[in-house]
Amino acid sequence: MYNPMELMICCAARLLENGSTVAVGTGAPCAAAMLAQRTKAPELVTFYEAGGVAPLLPTMPISVGDSRTFYRAVMATSMADVMETCQRGMMDYTFLGGAQIDPFGNLNSTMIGKDYKKPKVRLPGSGGANDLASFCWRILVLTNHDRRRFVEKVDFLTTPGYLTGPGAREAAGLPPGTGPYRVITDLAIMGYHETTKRMEVLNLHPGITLEQVQANTGFVIAAREPLLTTAPPSEAELRILRDEVDPLRYIIGRG
Amino acid sequence: MTTPLSHGDGPLYADPSANHAREFFRTKPRALVDKLMSVKDAVTCFVHDGDYVAVGGFGADRLSSAVCHEIVRQQKQNLTLSGHTATHDFQILAAGNLTGHGKLIARVDAAYIIGLEARGLSPHARRVMESGEVESTEWSNYVLAARFKAAAMGLSFLPVRSMLGTDTFRHSAAKEILCPFTGDKLLAIPACYPDVGVIHVHEADRFGNCRIRGTTVADPDLARASKKLIVTCERLIPSDDIRSDPTRTVVPFYCVDAVCEVPFGSYPGNMPYEYFSDEEHLRHWLEVENDPVEYKKFIDKYIFGVSDFAEYLQLCGGLPRLQKLRQEEFLLNRGR
Amino acid sequence: MTTPLSHGDGPLYADPSANHAREFFRTKPRALVDKLMSVKDAVTCFVHDGDYVAVGGFGADRLSSAVCHEIVRQQKQNLTLSGHTATHDFQILAAGNLTGHGKLIARVDAAYIIGLEARGLSPHARRVMESGEVESTEWSNYVLAARFKAAAMGLSFLPVRSMLGTDTFRHSAAKEILCPFTGDKLLAIPACYPDVGVIHVHEADRFGNCRIRGTTVADPDLARASKKLIVTCERLIPSDDIRSDPTRTVVPFYCVDAVCEVPFGSYPGNMPYEYFSDEEHLRHWLEVENDPVEYKKFIDKYIFGVSDFAEYLQLCGGLPRLQKLRQEEFLLNRGR
Amino acid sequence: MYNPMELMICCAARLLENGSTVAVGTGAPCAAAMLAQRTKAPELVTFYEAGGVAPLLPTMPISVGDSRTFYRAVMATSMADVMETCQRGMMDYTFLGGAQIDPFGNLNSTMIGKDYKKPKVRLPGSGGANDLASFCWRILVLTNHDRRRFVEKVDFLTTPGYLTGPGAREAAGLPPGTGPYRVITDLAIMGYHETTKRMEVLNLHPGITLEQVQANTGFVIAAREPLLTTAPPSEAELRILRDEVDPLRYIIGRG
């Protein structure tokens, strides 16, 4: 048995190639990177926005800048150095999230409402998300799947996905070849259509139907053929995740 | 290029002119003189109503909590803040808004505000931002860091490749430009020369030469960019120590206006290699903010009710509590 | 602005495109793998005819002499050099020109070349530059450092405020621009992404994580800017040492392609905290250059006549000589 | 008794105000800064282009980047940090030199000859001189006085003085308020006319006439009234210079 959070973390971990670089944050993405390093990607190199490079985490960080993020790291540097390493084209993956995501993978973490000067709900803003989504080659999103989150149009486009569609990132001046790659939820794994750049379902998690995914998505979502079923977490994955990565169940306890 | 270049519509809160900054820096004192003073005096002398204030560290990590408390305690008004990874710092300073002490925060360059990362959002900081009494302009973390970098370099702008195509850009004061060599579209961001910078470091001498262990975040650039700089340090060290290993100096004395020795000065935040964050206290602070009446009592006790940061530390459990956090930082409490 | 914006007429030797560089960096290996090899293998693998080569340090200070010798010994051809504070490095590499080994230096971005600071000018390097066989473009030291910085930042250009109004600008490949915020005239300089960078550091682990003591000059930016990077180090250290104090790492492994342990690898230059420069040897080198026949014998003996840098050190007096230079560095010879 | 080099160094040292900053190199400028620190300007802060800040020099550096330039310094940093400190407006003085200097204080250290592609004499180039002359508030030149060096027009304008005259630096985009300040030679001390920005004689060294200065200058040079006579080195200055600053007579031995 496993819970949805455990499955999501396993899915994310499987996407990270060995010998690649990933800018991670706290929480589930951090757990995914740790799991990847202990399974198929021992040479995965993790970066933390505040300056930590390739730490050997003794425990889950609470902040992207706390001392765990450079515990036995190879380098403790500046935010600019990490971000410019991304801007230079050295960062393969990043994990992002947001209050809203649209069919093109655009993210909102700034505000809910219509009037910027008087938001219904003020959220933190971009943080480093806009930068990482602009610079890194492949954007991964880990999030729960519900209609309030998966919306046709975000209230505020904080962080760029494919913007208005094919070619829009390049036209805006963003580095070519970058963009949203996968969205991993408690229901499915989504990718983006090669030509339309709209989100589409690639994998359904065990027991989940495409109808369920559509019902929990606030825009029309297609499936890429052949539609696959996510492999459940292996015993080895679960053991490592539970015993080594998150023994205190900070993250997987939320699943 | 067929599409015209666009620019953000947000207001610009700090003069990006390198020439104007040079006129200021021309007059900034350069001699190796003793700058040791209390946090109270430093804030009195160097933070003025209406100032643009930039706080270093990364949210609650290596944060100069002591200076943030003192700014609230002295009821500074009408400040503009740089919201560069502002977490607990923003939360502390927001205590100067909507609590009967006027309006401390008037404007904010927002990249990350009102949140405390995985800990959740600050109810009071949200109330302040949703009240409409604080103006804001949007940026990203790297771009705010790069705005300090532009200033540290003595420039009026730098090009970057983020924010393009987004509402973050639309609500910023950045401008699109074309690279003169490649024709590629880039974002020009204005230099940010804060009136006052505030950083917390591990060690400093009385002249202001500073050492930081671990990540520097944006502090070396912020320190160089700031017209005036207040440094708090865990430990004052002899200047001979600084000179015995000049490779370790990351902020030089000529950037610094005040040096204040504040042991545990990042509490309740994490000070790498010194003490971990006090998550209980931070959780309590977040919880109490849900009720404005309770919250007012809370800040009356912890900020306005004490005369300095040392008294605040006493209220929070004093040395026994700090010893526990030190053990947590060094993982000495594991398996117990 | 009534005067039109102007630009330098000099040729640009390195592609400033950040997008092209990103395509390269996308494929650059990132894993923590063993990169230990001989200088001979490093130069064979990573320096190719026609490459743009950038050498770190400050002239003879913290110079990777070993790699410069090996490039000459392997008779690499048609290189472009970054002449950023190039003193003894330029002097060594110029041994590949006008000495019957083809043309090693074909182009140079010149900020400081052919001189050895207070020691005087290199007669052979002058002959090479005055022969007309080497093309050049003019820059200043800071601007070449800033061109590395632009590349390290992943940009195609940076603005600076020097070179304006001079022949240095006229013979450069820079361009005037106006600041989009202030309207002030600035100089746009193209990013420089060298094909190969070469630096000498105090300590490195086998993956390429590097520590430098003392001034870093432009090496951290040069390392990040370079598509391929050869590191020579005084001492190889365990990776555990690196991880025990990550604050001291100034060049991370993912920038590095080759790690070569070369004790005294900056000889006859100064390696701070290790050994002082061998002024006698440098004076001898300058003097012998006055006579092209004697000079040819000199480089045949010291560069082409040895198989590696260790043999060169032996020829120059070996450990007893190096011990003397170590005492000089630490002022242990004073009053004797 | 004293030699011309000793006098030049004393003149330079007297110009440096206490509590100011100066970007120095090797040789005479370094000796001048050391002398100033031991006389009227104990709080003079020295910077070396390669990254050394405020060292306590144990002996004369041979290179602007050698280990003496950060011996017991307060900071050993990067060239960019030092240069950007200058660009930010924090550097009051810098010492420069060159093979040629013109009436507006423009310097040539790049080449002698007419054809850039085939120079009669190739020289090192700008080094950091162009940057320092662009960024620092006041440019000082220490040099021997002869007609080949003081020329009407430099063969190559490496480093900016007042360029073509009043307003030219600002029109070129250089930071306002900066520029040439004093030229100290073995014959005299020159300044620049407030409105024409042309070099003019301020002080004649003891025993030197204006005619001698003119005879050794390749352009017409006026004198500012009242024309002063340089005070000879005091006994204290000479003692400190000879005993403490340059006991091995590396620099003053050349006088």
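We just call them A, B, C and D in the order they show up, numbering each chain from 1.
One rule holds in what follows: contacts are C-beta pairs under 8 Å (C-beta built on N, C-alpha and C of every residue); 3 or more make two chains touch, one makes a residue touch a chain.
What you see is a predicted model, and the numbers here were worked out from it, not measured in a lab.
The interface with the greater number of C-beta contacts, when B-D is set against A-B, is A-B. Between chain B and chain D, the centres computed from C-alpha atoms are 40 Å apart. Per-chain CA centroids place chain B at a distance of 38 Å from chain C.
We define each chain's centre as the mean of its Cα atoms; on that basis chain A and chain B are separated by 28 Å. Annotation: 57 Å between the Cα-based centres of chain A and chain D. In chain A, the residues that reach two or more other chains under the touch definition are 52, 70, 76-77, 80, 87, 135, 175.
Shown for chain C are the residues that touch two or more other chains, namely 18-19, 154-155, 160-161, 184, 186, 213-214, 246-247. Chain contacts in this assembly follow no simple pattern; the graph is neither a line, a ring, a star nor complete. In summary, the structure contains touching chain pairs A-B, A-C, B-C, B-D, C-D.
Across the complex, chain A meets chain B through its residues 26-27, 49-52, 58-59, 62-67, 69-70, 76-80, 83, 87, 106, 110, 116-131, 133-135, 156-160, 163, 168-169, 171-175. Of all residues in chain D, those touching chain B in their complex are 18-21, 43, 45, 52-56, 70, 72-77, 80, 84-90, 92, 135, 137, 175-177.
Of all residues in chain C, only 12, 16-19, 154-161, 175, 177, 179-182, 184, 186, 188, 190, 212-214, 246-247 touch chain B in the complex they form.
Across the complex, chain B meets chain D through its residues 18-19, 21-26, 28-33, 151-155, 207, 209, 224, 239, 242-244, 246-247, 249, 252-254.
Note for the complex: chain B touches chain A at residues 3, 57-62, 83, 85, 87, 110-115, 117-119, 121, 126, 129-130, 132, 138-143, 145-146, 149, 160-168, 171, 176, 184-187, 213-218, 220-221, 270, 272-273, 276-277, 279, 329, 331.
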